[in-house]
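Letters A, B, C and D mark the chains as written, and numbering starts fresh at 1 in each.
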Amino acid sequence: VTVHGIFPPIPTPFDRASGDVDRRALTSNVRRWMETRLKGILALGSNGEAALLEETEADLVVATTREAMPSDRLLIVGTGRESTRATIAATRRAAAMGAGAVLVRSPSFFKGQMTAPILVDYYTAVADASSVPVLLYNLPATGVTLGWPVVSQLALHPNIIGMKETSPELERLGQFVTLREGAFSVLCGWAPVVYPALVSGAAGAILAIANVLPDECVALYDDVVAGRHVEARAAQRRLTTLAQLVTTGHGVPGLKAALEMVGYDGGPVRAPLRPLASAARDEIAKAVAAIRTRH
Amino acid sequence: VTVHGIFPPIPTPFDRASGDVDRRALTSNVRRWMETRLKGILALGSNGEAALLEETEADLVVATTREAMPSDRLLIVGTGRESTRATIAATRRAAAMGAGAVLVRSPSFFKGQMTAPILVDYYTAVADASSVPVLLYNLPATGVTLGWPVVSQLALHPNIIGMKETSPELERLGQFVTLREGAFSVLCGWAPVVYPALVSGAAGAILAIANVLPDECVALYDDVVAGRHVEARAAQRRLTTLAQLVTTGHGVPGLKAALEMVGYDGGPVRAPLRPLASAARDEIAKAVAAIRTRH
Amino acid sequence: VTVHGIFPPIPTPFDRASGDVDRRALTSNVRRWMETRLKGILALGSNGEAALLEETEADLVVATTREAMPSDRLLIVGTGRESTRATIAATRRAAAMGAGAVLVRSPSFFKGQMTAPILVDYYTAVADASSVPVLLYNLPATGVTLGWPVVSQLALHPNIIGMKETSPELERLGQFVTLREGAFSVLCGWAPVVYPALVSGAAGAILAIANVLPDECVALYDDVVAGRHVEARAAQRRLTTLAQLVTTGHGVPGLKAALEMVGYDGGPVRAPLRPLASAARDEIAKAVAAIRTRH
Amino acid sequence: VTVHGIFPPIPTPFDRASGDVDRRALTSNVRRWMETRLKGILALGSNGEAALLEETEADLVVATTREAMPSDRLLIVGTGRESTRATIAATRRAAAMGAGAVLVRSPSFFKGQMTAPILVDYYTAVADASSVPVLLYNLPATGVTLGWPVVSQLALHPNIIGMKETSPELERLGQFVTLREGAFSVLCGWAPVVYPALVSGAAGAILAIANVLPDECVALYDDVVAGRHVEARAAQRRLTTLAQLVTTGHGVPGLKAALEMVGYDGGPVRAPLRPLASAARDEIAKAVAAIRTRH
């Protein structure tokens, strides 16, 4: 199994009145994304506010998303929790509901204890217990980084098929793509460097802006595959400004605001996150308009 | 209301076979701590592996602990979660089960978004919703630090009575102790600097080593209150080595191992944490012995 | 030899027109400081803009300062450079001009290479070559920290008599003061924690605010020595605000501005440093006035 | 003026007996590099141990290097110092001795004060005073990073023609290459990402491994220019291991050891740097052999 192409890490819409997961909005969004050439969907990633959901809500998101997707598209579900047993339980539930793969972030509460052997044990236990393929999730912003010793060892596990690398650094990514003679799928998670990442050998990308501009992201990917470097580089430059605004800059509130500008159902974020200030909203609107006009 | 004196952040014992919370061991430990002059107990702190527990397990720990404590001792419960609503729910359940106060860590998953206004809103919402007093919890190791602008504003809330400051730095603590004309209770959470923290005006301390050596910790506190600086400083120096081993050095596995050396029920840690290597165990045993002989 | 008491890390005055070292202003300042009970002076520390001086200027500052000091006051000179040989050369020149001790910061340009053995070698070579006692200088802000393994080994060298610890953390300091059975002089370099540092066993302090308020700083030190903890703690609190403004807050420009407010010769800073903005100047003036009124 | 192609940041050879700059070895090395297709040379960069040299030694290196170079090759000289006036003085001396451009690192001793306006002022003053073009030098490892606001403003200065970006991150670089409609020359300083950097629009690179393997580095550059992506990517992968060993891994000692393996004059490093341990030497020898065999 390999994973390639572009995936959006979808946000979780909440009902404006109750604050609960809004299944209708989620279904409508997913259907619309599935009309594009996106390879599939990542549910319950960071941008899905997974850290702010109860377990029952998480399950609801998975079931609802799967239901709204054609069966031939890949549903990846974020199932990392702080304890190994909770991660395994979440992984099994996701698989049972139709996830095609799981994306597992490293535990990070006990940062100082997350040594290489502990991380190898953790991912091995999860991969052993999972009926679907596992993707590692490198998110250095949490304070825990998966380095070469850990990843190169885990890449030997038959049920670990790749990883998401979420960082502006391409040194690690450039090495990870060589694992399994290139069959270890590294997905770039940092939009402002997606073009150089793909050129370096990344198999695809999981990008917040792919929620907002799926066609533009898929086009960039296609350009790289077809060797159209001039076009791909130009696309990268167009996308970077918006990418910086909706992630590093304004987080999930920025992403949800941007989604509404292109007709998806964004809705409120869950506290302690806050709705976007109007100045930020204007800035994002401008960036979205600049790209769409061009395209 | 003020909080003062020494509190242990108790670990959560797990059954060796099933890995579930071991109520019997917990009860036995709590009863024994309550035979000392500890002011009360902190359940579900970092050392309680709270991050690795399910919500139902967390509730079980609170109920079991309360039941094993005399009614005049203070039970503080860690109720911080990533979402405001989950924190409020946990706070209400803890209060309903007899917590006398709650200790609320800052959300930290979306670090970059945790601005001062968001943190003020978060703690205000929790304090408004809580029927018991709230203690802030500053844990810079998570990547989110509560600074003077946030804490000085929150100290005005009638239901926020103090904070735990877990850091080797005493600059912030030295300022926080001046809030509410000294009636804002700052509890030191970093054992190697507990003596200078108390001298600077801290009202007490929440110390992992108070699980292992409650009498020695209480004696240090009493020395400071009585102005016996020579004795207190000597006690600090005796405690520092062990404190470094069981927290920064070897984390919860170190703490549980140390507990067993003094006759409490330590038991296994929950994965991904790992049992202590035997070299570390020896090092801790030596440090414990050195202090107990002396005392 | 031990070093104790309060020392100001004096700034280097520059001529307003030429930008060169202003010997007359330096002489006048030093004479005035020496009318107080300060134990001596640190020349060419960070606050002396040593990093911005040519070697010949550095020598001029040492000679001028020594000349203006009574022979029984201790002149400490900052002589750390990036290369071992430059540090030794600067140390020898300083000793020849009458320095009583040298304060040597760790090289930090090649941070990643500054391992414990390299740091031990570096300081050993300097101490071997120096005719006057050497003080280590821990300045974690440079990215290189002297930890217990390095300092405990270097404390065995007969010509290394102590250190300056410049950090808000007191965990390391609490351990360093136990070296040589307490005869290793640890000088606190972080004014907002000077009271708890002294109580923990520091022999004295090198404080930017001792330039501005020498009497107040000496009084705090005397209070601690005499066991007047209430007074010392109150003094700490009065000094903290100003200390934060002139160092962390506004650096050398803040210090020079504060000096002028109390009648010393401050003068311009050297570029790339910039003169203080007027809002910051007002803030500092207010903090200085608050303390002097009180005293 | 634009700068493009591959430049080696040459090390400074020292005499084994005296420790002084070894002019003969330097001349011999430079002549040999100039027999390759390297575009020129960077003298007195970090790898030149510039931080460990006296000013007179620095001048000697510049003069000697220039003398050994054909007049049509570009000599870039590192002239950044901590003070603006020292930087200007070093820049003028370098220009007078035949430097074709200067590379100016940001001052970093007073990190906390290095705000955007101060950095803009600093570089503007240097560029105004310099008779040769100026390249900015971004080296985030020093604790001071040149971001978009600073660089985009400085790129308007007619005498600032580009920059060296030394970081594994390609997000900033991807934006800097768009300045001056692509005529602002961004040189990559991080060998493990040089291929994706060039593809993203970098005009060239300054690489420690270009000292050791000049032909291989030039070939990679040529591959990118000619659109031979498969070959360039393969070259990147071959070079990465060695690049990590001689820079992040073992610093200047690693670079000098590697140089000797390919017949250049490496020689000792200056203390506090230490000669390479033999295990590291073996590791580097293996990496060098692996690449040369292949080529």
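Heads up, the rule we're going with is that a residue touches a chain if its C-beta (ideal position, glycine included) is under 8 Å from a C-beta of that chain, and two chains touch if they have at least 3 such contacts.
Since the structure is predicted, the reported quantities are computational estimates derived from the model, not experimental observations.
Counted as hops between touching chains, the shortest connection from chain B to chain D is 2.
Annotation: C-D is the more contact-rich of the chain pairs C-D and B-C, by number of C-beta pairs in contact.
Annotation: 50 Å between the Cα-based centres of chain A and chain C. The distance from the centre of chain B to the centre of chain C, with each centre set as the mean of the Cα atoms, comes to 37 Å.
The set of chain B residues that touch two or more partner chains is empty. Because contacts link each chain to exactly two others and close back on themselves, their graph is best described as a ring. If you check the complex, the residues on chain C that touch chain D are 19, 46, 51-54, 82-86, 107, 109-114, 117-119, 121-122, 125, 141, 143, 248, 251-253, 270-274. Residues of chain D that touch chain A in their complex: 167-172, 174-175, 178, 190, 192-193, 195-197, 199-201, 227, 229, 233, 236-237, 240.
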